[in-house]
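To keep things clear, I will list the structure first and then write my remarks on it.
Letters A, B and C mark the chains as written, and numbering starts fresh at 1 in each.
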Amino acid sequence: MKLSKLCETISQAGFPAALDGDDITVCAVNTLEEARPGEISFLSNPKYASAIAGTRASAIVTENGIETPPAISAIRCDNPYAAITVAIIAIHGHRLQPQWGVSEQATIDPSAKIGTNPNIAAGATIAANATIGDNCTIYPGCYVADGATLGDDCALYPNVVIYDRCQLGNRVTVHACSVIGEDGLGYAPHGENWIKIPQIGIAILGDDVEIGANCSIDRATLGETTIGAGTKFSNNVVIGHGTKIGPNCMFVGQVGVAGSATIGKHVTLGGQVGVSGHLEIGDDVQVAGQSGIHNSVEAGAKLFGSPVMPIARAKRALSVVRQLPEWTKRIKELERQIKELRDKVGCETVEEEKVDGDKVS
Amino acid sequence: MKLSKLCETISQAGFPAALDGDDITVCAVNTLEEARPGEISFLSNPKYASAIAGTRASAIVTENGIETPPAISAIRCDNPYAAITVAIIAIHGHRLQPQWGVSEQATIDPSAKIGTNPNIAAGATIAANATIGDNCTIYPGCYVADGATLGDDCALYPNVVIYDRCQLGNRVTVHACSVIGEDGLGYAPHGENWIKIPQIGIAILGDDVEIGANCSIDRATLGETTIGAGTKFSNNVVIGHGTKIGPNCMFVGQVGVAGSATIGKHVTLGGQVGVSGHLEIGDDVQVAGQSGIHNSVEAGAKLFGSPVMPIARAKRALSVVRQLPEWTKRIKELERQIKELRDKVGCETVEEEKVDGDKVS
Amino acid sequence: MKLSKLCETISQAGFPAALDGDDITVCAVNTLEEARPGEISFLSNPKYASAIAGTRASAIVTENGIETPPAISAIRCDNPYAAITVAIIAIHGHRLQPQWGVSEQATIDPSAKIGTNPNIAAGATIAANATIGDNCTIYPGCYVADGATLGDDCALYPNVVIYDRCQLGNRVTVHACSVIGEDGLGYAPHGENWIKIPQIGIAILGDDVEIGANCSIDRATLGETTIGAGTKFSNNVVIGHGTKIGPNCMFVGQVGVAGSATIGKHVTLGGQVGVSGHLEIGDDVQVAGQSGIHNSVEAGAKLFGSPVMPIARAKRALSVVRQLPEWTKRIKELERQIKELRDKVGCETVEEEKVDGDKVS
């Protein structure tokens, strides 16, 4: 694709772009480090500007004001990350799915309703009374259980399992080996035994949800577990039963949310973040990786730590933790100097109360 | 079902219940928030009593002493959580499995032994010398490897994998995409290379074990990894090779236990708890989410933190961590005041030893 | 196998071994606790030497200097862990895979290239233009997508998914339900919505890599995610897009590494360790379980904590955290004593600045 044409496409997508250099043809998008001649790369974070010097790319998408070598054509745009996204879509497009139609080796119950233009592979199973919308792609090994429904334009990658009666909206993508709607950890204690509570609720994924690989999203005990429209999960994310997650959230890998939590819209949880059950997280909250949330959180908070604190406080507090071995010495020295002073000045000595650490616990 | 009949059923299950209001008929159990007219809900935690005001449920299971609106019939019981469990089972029952008999598209080795009343789906594989007990349900995509055994009344949801020679007791349920008996991380170092140690042990799951989705339970290098009878796991739980877990434990999502650990009976581990290898955890231990256990723990301990502390101590210590930025100021102020005092009183100034943080590491 | 023969085999493998006791025949390797008469066990960590007293094993592999009961034959070797590895391989061997040849119930695209001596099960799928090397074993439910390549002597356990164009080297083993090359969490923000960036890169696993069960290894957005030769992962490990991992690393269960990280050779990450994106970890770094790495780390570091510190410092700092409740009392007492001293000596009272905790955040 010619760079002039690419500029036009990027501008039309809403991100005005201008060509700075020769109007060459590029065949692929790649990283600065891995690009070969004839490829286009990008720099969105000026921090990494030095990487431009070493690249073999023939063109680069970047901001105004970033210097580029004269031999490399530049596409200048205020939002290079958006621009390269448009470029990747224009040059490479989204994944082309294999075309199976409806394989004769798929197992489809006669009572299932299948929309137009189905693409269902050998080894996929669509159970009784399930509904599959139009233009859905279902890879081998997927299991869509009794009464489950998929909207239009969904993709289930290999070995995805949708439990009975769960509902997926339109344009939902679930990556390989993820499970939607398994029973949650619902048991009533009876002495030391656990009596299973039938998990009669369901799980609902809104439109445009994308779920990574090896995720597990519990059905509700009663009612619904919900994942809001436009929310994106990375891999091995676990959601407990009855939890409600708003639209446009982003959960990084290995996030775990316990049951009956309520999470607002556009919430970002970093990798391995854990959220306790029965609490509320407001809109637009951002939580750094490996943090632990044990209490409700107000909208807009930016948090870190286990348990979480406001991020600025967490950084300071955790840097003090690192210095605690030195603090031990400082406090002992203070105690020594005060004793010396008291002796000199003539205060009565306080009977030192032996602190018994174990009493606190 | 009539409320009077439901009261009788709950009472017969061992939880005396009394009807307070009209003897109406209810058709389903639901949450207070999501219930519609004609449905019954419950309140087990008085903390949430205010939710009763807004419910559309026609009946509610709750304790004596909780006020309910006159228009809502109540079933009063000292243990509303147990009572609603009985109600859910009575009204909804447990999941009805699809009835495949033995599908002709299942792959079953002639040497496998299959019990009476089998329910084995298309796309399931039962390998050589495997044994399946009576009344087992095996969904599509499951693989029961050579010499593995299942007891009676087991259910393997789609894409569950049981490695060779592993053993499941009676009434074991494994949710979708979980793996039982894969090789553990067993390698002998040889310079910088890792030489694989054949993992010749097995994994054994006791009676009434239920395993969530996407769990991974290693076989032992030698001998057995064991999960005790009645133990329940949520999703994405990982158990290392050779670990022994007692009966009636409950592990919340993303718990990880390293190899060769020994865990007692009725132990509760919160979500994302990590347990190091080669240690012992006593009976009835309870550990809050995201905690890290690096040393053996005595029976009955209630723990939190990484590394864990007794929970009361952990809450106090971690609340101090949050205040450490202020402590920095307090200690600096103490040091300033002491210096001032010493100058005034006439102590010799101690040559301040520069603390070099990096020396400690 | 006779012990004399076993000694010879161990010595030939490079670990000189000597027989101390009767030259009996052993039929299996087992743990000290679970061994039966006729079996051989081992002790590599002298800390557990007391376990020898209770064993029923007929022979034991251990170091010189460890006392063994006269009734038990010993094989003495400086490296008993390596020696028992050789013994397990000699007596038990590696897993014998079922022999399917190429099953007629496997789905193999005509354009796929299959090497010599294939072993591809019913229910496995090899998609268009995929390449499978010689002597590969592919279990049921595996999906090798378009253009993916496997080297020679690979094993994919049941339900493994290899996404399009990803590349596995020779002797790569992937355990059940792991996913290689799924799309990473790549979206461009557009207001509160997320626009999917096509993930056009791939994932590459080097020779002799072994991946546990339920792992998820993202493909790169552009370029390659790479796992170096000889690296071993346990279960439920998650690797973000574009991350480069060196050879001979060992990652314990539930490790999570975000995208665009660079990890050197022979790095050991304990269970549940989290690594942020866009950072570098040097060679031979060792990180204890549940630690969090937020910044680049130099080669050879031994780390612990979240965020990580050098391990010796972390142990001291975290033991102080445990004592913080007592510290509160000590500092309050210091403040009280200093006030008393100041009053006595006649310093002016400083107007106490009220510390407002929330200001820090």
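The definition used in the following text is that a residue touches a chain if its C-beta (ideal position, glycine included) is under 8 Å from a C-beta of that chain, and two chains touch if they have at least 3 such contacts.
Computed from a prediction, not measured in an experiment: that's the story for all the values here.
Chains that touch both subunit A and subunit C: B. Shared residue numbers account for under half of those found at the interface formed by subunit A and subunit B, and the copies are therefore classed as meeting with different residues. Distance from the subunit A centre to the subunit B centre is 23 Å, each centre being the mean of its Cα atoms.
Residue positions of subunit C with contacts to 2 or more other chains are 123, 141, 159, 177, 214, 236, 254, 272, 306, 309, 313, 316, 318, 321-323, 325, 327, 331, 334, 338, 341, 345, 360. Residues 28-31, 33-34, 41, 81-82, 84-85, 88-89, 92-95, 98, 105, 121-123, 139-141, 157-159, 175-177, 210, 212-214, 230, 232-236, 247-248, 250, 252-254, 265-266, 271-272, 289-290, 306, 309-310, 312-313, 316, 318, 321-325, 327-328, 331, 334-335, 338, 341-342, 345, 347, 350, 355, 357, 360 of subunit B are the ones that touch subunit A when the two sit in their complex. Within the complex, the subunit A residues that touch subunit B are 107, 123, 125, 127-128, 141, 143, 146, 159, 161, 163-164, 177-179, 182-185, 187-188, 190, 192-198, 200, 214-216, 218, 220-224, 236, 238, 240, 242, 254, 256, 258, 272, 274, 276, 292, 294, 306-307, 309, 313, 316-318, 320-323, 325-327, 329-331, 333-334, 337-338, 340-341, 344-345, 360-361.
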